[in-house]
């Protein structure tokens, strides 16, 4: 089975279907111009160095449910499953 | 009940209704092109590092009433409540 | 009475009425494309760190009469008084 | 036989034909605005220094199957074979 | 009499009239798209820190006749006299 | 005979004619939007400092056959010979 | 006689007439979109600090014949002589 190791500070996420969204429900208003979406982190990138030359440490971890902004990120389909590669900085927050 | 932990230097705020604005009243002129809005901080982000590699320290704290600029920020609805995720740098000031 | 503590390197200023401008008079030519305005500093921001990680120190102080550029800054009305929140870097000079 | 040593943080990659894509299959949806492509790394650049003055270390290695973004990169044809020179930062992830 | 202390790396200059330009004459061709102008420095800014966190030191001094680019700078009129506040970096050279 | 010492991180290159291209042949597809070209390095710049204040060291050397991007660079004709001054960072790779 | 001391990393140059160009001749093709021009350095700027806070050292010296790009620089006429103030970084190379 194919898998992707994102490069650098990117992460791989899988958009959550309507029936998988977190209990209590995070619903985004229809009128929002820049709708965020709920997704689950499936892989962290290779990290590398941050702007100060230190090892980059991811804040999110695999399994986290996150809100991602609509912009940024590239869609890929692996084994029939649609995923998204995006920079961790495009993650707005962790849903709990 | 769902909650969001904003990532990085973002904060989560809740816009204040007209009857919740601070005593004495901060009213914004109708003619202002870039109307700020009064809101309450409900969660701080994970922080991370600032541009110099030091731990980022938030200036605002949960419960602060703040003025936020109209631009920047993404609307989310949690448990039926409309909130906004925005960078702390988009907060203009703390209302007291 | 409500008051605002500007965030970061912002300051709060109050535009001066025509009869409050400094003695000797600073009048701006009508033809100036980018008219500066005279204002009085009413509050300094929380400061924070400058680009080099040192504590940011304001050059202006409360009570200073300053020239501000027309661009930058956000209008707010507190207790019926129109004020402006702007970055100290948008202050052109101190009037004395 | 001619070969190219990419300069700096660039790498040389060869796009994979449909029958060479990784087992399990990474298929990109037709609707994706910015379609990534699967390719194999055939040469690493000279590296040089990163932004902090340290030796730049490549994350990918020759032989890696990678996903590359459609933008960035320049096509070259060597010995009749079409290749692409692109910055390592334009590689989205490593396929395994 | 009113005066202005420019903020930061700005200086205050007074444009020179045709009969005040330096002996020998610096005349600018009519066809120059971006005509520089001759002016006299009347006040230096507060200076502050440069990009490396060191004290900023002005190169020009009060009384210097300078060439200034047409762009940048804001016109102010003090005691009936038209002046210009501009960044020292918008000064092209010192006329002697 | 006139010659040019490029300034800073620039190099001087001479485009290769069709019969001078490297053995094995690097041919660029006609459809490439941003066609690279094969050229020979004829002079290195003065170098100077890199972004970290260290002496800049060229990766290419005089005599290297290189691929250069179509953009960047300025054409000059010396002793009837057309040359190109361009930044070393506009060299895509070294052909061998 | 008037003279100009360029500010910072700028230099003052005088365009060379056709009969003053260097022996061997550097002729620029008519078709070049961004024609460089041959000029002689007549004054160096005040220098100041480079991006790393070190004293800026000019690479060119007074009397050098240089190639300058068409863009950048401001024309000034001193004692009837047309000169150009431009950043040293807009000098492409030294002609010898």
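By letter and in written order, the chains are A, B, C, D, E, F and G; residue numbering begins at 1 in each of them.
Here, contacts are C-beta pairs under 8 Å (C-beta built on N, C-alpha and C of every residue); 3 or more make two chains touch, one makes a residue touch a chain.
To keep track of the chains, here are their UniProt names: A, B, C, D, E, F, G = Co-chaperonin GroES.
As the structure is a computational prediction, the values presented were derived from the model and not from experiment.
Student: Count how many hops through touching chains it takes, at the least, to reach subunit F (Co-chaperonin GroES) starting from subunit B (Co-chaperonin GroES).
Tutor: Shortest path length, in steps: 3.
Student: Could you give the separation in Å between the centres of subunit B (Co-chaperonin GroES) and subunit C (Co-chaperonin GroES), each centre being the mean of its C-alpha atoms?
Tutor: Taking the average C-alpha coordinate of subunit B (Co-chaperonin GroES) and of subunit C (Co-chaperonin GroES), the gap between them is 23 Å.
Student: Just curious, how far off is subunit F (Co-chaperonin GroES) from subunit E (Co-chaperonin GroES) if you go by their C-alpha centres, in Å?
Tutor: Distance between chain centres: 41 Å.
Student: Going by the touch rule set out above, which residues of subunit F (Co-chaperonin GroES) reach two or more other chains?
Tutor: 51-52
Student: How would one label the connectivity among the chains shown: line, ring, star, complete, or other?
Tutor: ring
Student: Considering touches as defined, can you lay out the ring of chains in sequence, from subunit A (Co-chaperonin GroES) by way of subunit B (Co-chaperonin GroES)?
Tutor: Order around the closed ring, subunit A (Co-chaperonin GroES) first, subunit B (Co-chaperonin GroES) second: A, B, C, E, G, F, D.
Student: Provide the residue numbers of subunit F (Co-chaperonin GroES) that touch subunit D (Co-chaperonin GroES) in the complex, in ascending order.
Tutor: Listed in rising order, the residues are 22-29, 32, 34, 36, 50-52, 54, 59-60, 66-67, 69, 88-89, 91-96.
Student: Which residues, counting only subunit B (Co-chaperonin GroES), touch subunit A (Co-chaperonin GroES) once they are in their complex?
Tutor: Against subunit A (Co-chaperonin GroES), the touching part of subunit B (Co-chaperonin GroES) is residues 1-8, 10, 12, 45-46, 48-49, 51-53, 74-80, 82, 85.
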